[in-house]
Amino acid sequence: MSEQPSKKKFLYINRKAPYGTIYALESLEVVLIGAAFEQEVSLAFLDDGVFQLMEGQDTTGVGMKNFSKTYRALGDYEVRKFYVEKESLAERGLSVENLMPVTYEDEDDDYAEKPSIILVDRAEMAKVIAANDVILSF
Amino acid sequence: MSTLHTVNKSPFERSSLASCLAHVAQGDAVLLIEDGVTGARRGSSFAEALHAKSPVCAIYILAPDLAARGMKAEDVIEGAKFVDYGGFVDLVAEKTRVVAWL
Amino acid sequence: MRFGIVVNEGPYTHQASDSAYQFAKAVLARGHEIFRVFFYHDGVNNGTRYTVPPQDDRNLQKLWSELAETHKLDLVVCIAAAQRRGILDANEAKRQGKDGDNIAPGFRISGLGQLIEAGIQSDRLVTFGD
Amino acid sequence: MSEQPSKKKFLYINRKAPYGTIYALESLEVVLIGAAFEQEVSLAFLDDGVFQLMEGQDTTGVGMKNFSKTYRALGDYEVRKFYVEKESLAERGLSVENLMPVTYEDEDDDYAEKPSIILVDRAEMAKVIAANDVILSF
Amino acid sequence: MRFGIVVNEGPYTHQASDSAYQFAKAVLARGHEIFRVFFYHDGVNNGTRYTVPPQDDRNLQKLWSELAETHKLDLVVCIAAAQRRGILDANEAKRQGKDGDNIAPGFRISGLGQLIEAGIQSDRLVTFGD
Amino acid sequence: MSTLHTVNKSPFERSSLASCLAHVAQGDAVLLIEDGVTGARRGSSFAEALHAKSPVCAIYILAPDLAARGMKAEDVIEGAKFVDYGGFVDLVAEKTRVVAWL
């Protein structure tokens, strides 16, 4: 039987818009639970997944739960790497200014507030995927 | 005797909006609902194709779905009209038939 | 005017059930009639009383059941689609030798002919799906 | 209350490939039941829906039920108009020769066997849609 | 080698459950081990014993239950996803005040941590979905 | 240290195969399953884009899914390789990780 590494790198790939389907919300539920397992965790937002991070989501009119605030809380759970694909934003007429600010407090730097969102191009996103051990797709 | 076409998927993910636009008749209306509203985003790669259809058929957007996805009226292509669920009902009543592009 | 509504997806996974519910409420608010709401494909999963959604979220089964009660709506779950997906009423449970049922209040199980009839009897048929 | 016409024109729009999802099969189940209602019925096959009519479907390896023979039986249920879109075929590298022959016996013409498949271009398909009263989408 | 398998869609509606089942059989036939099959999203609907598919079609719930019994597989249904969709075992039914349960033999309900654990403990995690 | 990418949707309906191909690395493999096999159809509007990737990564097709959709080996683009479910398992074992493009 093969040896298990003590720590694995988990990547959550988010490619779907929120609300039209439940995948964004149920992905977030896995991320929250997974944060307790002391693995390395990164999130990738590409294709329609970038809509999950839109600032100013207001679900009052559709009667659904607005879960967008949860992304901002992930920094407290040591989930601090949000890779967002530039080309996906551009195709959708979006720029990083349309996204909610997601930050974390860096305990190694006097608790300075630092951005969790890391803009990458498509080639860099391919490298992010290849650098992880376990890929969960939503 | 015209048709209301509803599209509920993002044109960046699925071909349903493109297929819908290829099958509309003069005087029809297209209503974007659910994830379909993302297709109306100004400056997106789909905006021009959608806007090009406006002389043929009116483009409507379900406003509550737009708001849920963090977008405002000024974020979508020019000429698109907004309805709430009541306006959706009125559109269905005004047109002769409804085609859901699922 | 008389409306027929078709719901093709289960609750939560797709927005279809939410959209159909909001649309149905608006139809009634506009003073129109709803001839029938027909649940097909995974839409049959709206009709199980076993769901327990998180307390801070909407309960779609309850919302449908309450709307049906208040407005005397006819909520029909397709029998063929329901059998494939494990939605049963007491009659079906007995007929199929199952030890229980899970149909929610206000929903009834019937055949696909009810969908065709909704198409014939309604002035407009509106479909919500994936 | 509005008057109901005694007969309505039903159009079934099939836009999805078979087997990957159940929509093609459950569409067919509606068509079979609907045939008993003495309405005018047409089927439209566009986009990936054209794959539903592929000749030679063999589901042995995937362990799923092969329901493709049912299309050929629809002629006996007075379902005799299969509108198939040319552009959808061409985009998928298909021609009508790749489709199963679907025919019906014309009782007004000495029971001559006639093709049910009617090839239409996109503009004609738009007209087919606009000529019907009730549209069921799968 | 040790495999983890994730099934994200219910039976029949999408091919995901069929593909995952055929894949699981092939994993075992190749002499590999299956650490766990985790059912998430609508995948939880594979685990209801109330399904009655047509007699000339495969019964996916039974196929999974039998595979689990023969090969001692661990079939885990996500509790949060199951609550939203009306899949209950006897414990959950009691806890939620429901009058019955519908979990199928060989399936067990547990938390999302079981998915993370499958990711950690398996050499390969393979996902089937929509 | 390469990746197996699985794609289960038709590229005529969804953007997942296009997105997958835009993210493969040299030496990766792409396996088309379920409705994804339709993307390999010879002469289709997607065939060239798929074939163009073959110097970067190998294209595999799950043969039982191809047969279910009425297609034969000669109906797909040149250079594609065929596997059954056992071959699918072998591919997973050979590669370091699996990405499902859902």
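Structural remarks
Each chain carries a letter (A, B, C, D, E and F) given by its place in the written order, and its residues are counted from 1.
Methods note: a contact is a pair of C-beta atoms (placed from the backbone, for glycine too) under 8 Å apart; a residue touches a chain by one contact, two chains touch by 3 or more.
This is a predicted model, so every value here is computed, not measured.
Each step here moves to a touching chain, and the least such steps from chain D to chain F number 1. Across the two interfaces under comparison, B-C and A-F, the one joined by more C-beta contacts turns out to be B-C.
Taking each chain's centre as the mean of its C-alpha atoms, chain C lies 26 Å from chain D. Rounded to whole angstrom units, the spacing between the C-alpha centres of chain B and chain F is 33.
Chain A and chain C have Cα centroids separated by 35 Å.
For chain C, the set of residues touching two or more other chains reads 1, 12-13, 15, 19, 22, 41, 54, 80, 125, 127, 129. The set of chain F residues touching two or more other chains comprises 8, 12-13, 15, 34-35, 64, 84, 97-98, 100, 102. Touching of two or more other chains is recorded for residues 15, 19-23, 47, 62, 64, 134-135, 137 of chain D. Here the chains touching each other pair up as A-B, A-C, A-E, A-F, B-C, B-D, B-F, C-D, C-E, D-E, D-F, E-F.
Residue ranges on chain F touching chain A, taken from their complex, read 1-3, 15-16, 19, 22-25, 96-102. Put simply, chain A touches chain F in their complex at residues 13, 15, 23, 46-47, 122, 125-127, 129-130, 132-135, 137-138. Here chain C touches chain B in the complex through residues 1, 3, 8, 15-16, 19, 22-23, 25-27, 29-30, 32, 124-130, going by the rule given at the top. Only residues 12-15 of chain F touch chain B when the two sit together in their complex. By the touch rule above, chain C contacts chain A in their complex via residues 12-15, 18-19, 21-22, 54, 56-58.
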